[in-house]
């Protein structure tokens, strides 16, 4: 039997850089990468059945509580980027992702990033134990029983 | 008795232009002015007791259905602008505003604009007759009985 | 011989709506459509050899001087839109485009819009006569001799 | 003699939260805080004579190479925030800032953040030694000789 726990869950999505993404020094404005990371999470959700609306329909939103971005290489107008979003398994009631953003033409790494999200009920309370629907999702995709 | 109908209702607000507002050709990106117009409407709401939340608490949202912007003069990094927002009275169930955006330093007119908003219930239905709370507001501020 | 003057020049591009495009009343924030219109012009430029950088390399930028947007139907999270950008021929030194933004799933028209751009030299002077490179482009694509 | 090295350099600026800052779950969208940090750096530059244009006129841009944001408390429509930006002295050719973003009404800490910037020449080369103009600025403000 294949051990799912060893296969990292990664989704990849491509984004065109537009004029409005570029700042006064002719590079993508650094804050725009936060949008691209969100694109990456959406692509992950689509690929692995963990969309924002699926989470919401199960009673939760998943606000970002930690964001770390390292900028390695500037991206410019007219270029295309690839956002790779990798799910990082952990035992607590969190969503952790690592990201790489690559320039498509030559796969130069432009950005490395990570985010942590918590589960919050619609009443605004942070969930401290793993929600049941998330436990099932983990069981299915990473063979986790926690 | 003072005839309120003749005094235009105008609110004015100042905005600093930041690095992230500037585009690749060193001007404020044209789409950002839509934000400044929203700032202008918020300033109008504060001054004349017609805030977004007041409208919402009365059961409505007021989506923009028409936006017209004429760009007359570019604004640059580090400049300050003044947004003047004028209420345009009309008899139907609409909110109409005209705007002027001026460079603060010399009052050069950078942008002229106008918007039209309709009243929509929270169920997503456009209201065709003037909502009662808006009728009262108009009575108070522009001496209108319609 | 085919009469190029009768075939409208239209480019079409698809855009995914992301979480960050959505406002507090669960619709695409109205100002974001200005980005989508820019996407439309970029798609037009790619299809018909009139990219921003081509214009720039010929000595010009083409700032928006007039923007008109009519909002007909709200777009929501997770939907896809199609931006159709049509070149409107005119005899003066202008770029005029009309746009339709459609919800992809059922082709409901969400937005109709138009923009006017002028040719500005890199020194910031508006060009009153048609630049030579634009004249050639018009000759090629719309069989215009003006 | 007052020991400048012990007095932290901190600038503070206030920001109104607008409708367009709010996301579909009624909070400030997490990516917008990157703008507020930029506001904070601009306020710091104004207060301590280290504006973006001053840096630029001395031959450099200072791109962000590292961004870390911790989100502690959500901010909502109509609230005001205070961004406190503190310069963190270091001996290498870097700019390091720590930030606190507070809700103005009750000084709840909404966000803690830090950024690192490097000095890049206009030719796109990172400077490894401290630029002379920055050395002078440090001498003046933090009594540093490095």
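The first chain written gets the first letter, and so on, giving A, B, C and D; residue counts start at 1 in each chain.
Here is the rule we use: contacts are C-beta pairs under 8 Å (C-beta built on N, C-alpha and C of every residue); 3 or more make two chains touch, one makes a residue touch a chain.
All values reported here derive from a predicted model rather than from experimental measurement.
Just to note, of C-D and B-D, the chains joined by more C-beta pairs in contact are B-D. Because chain A and chain B share one sequence, their contact can be compared position by position; here over half of the interface residue numbers appear on both sides. The chain with its Cα centroid farthest from the Cα centroid of chain D is C.
Centres computed as Cα averages put chain B at a distance of 32 Å from chain D. Inter-chain spacing, taken between the CA centroids of chain C and chain D, is 37 Å. In chain D, the residues touching two or more other chains are 19-20, 31, 35, 38, 77.
Chain A meets chain D in the complex at residues 25, 27, 30-31, 34-35, 38, 61, 63-72, 74, 124.
Chain A meets chain C in the complex at residues 16, 18-20, 35, 38-39, 42, 51-53, 77-78.
Within the complex formed with chain D, the chain C residues making contact are 19-20, 22-24, 26, 29, 31, 77.
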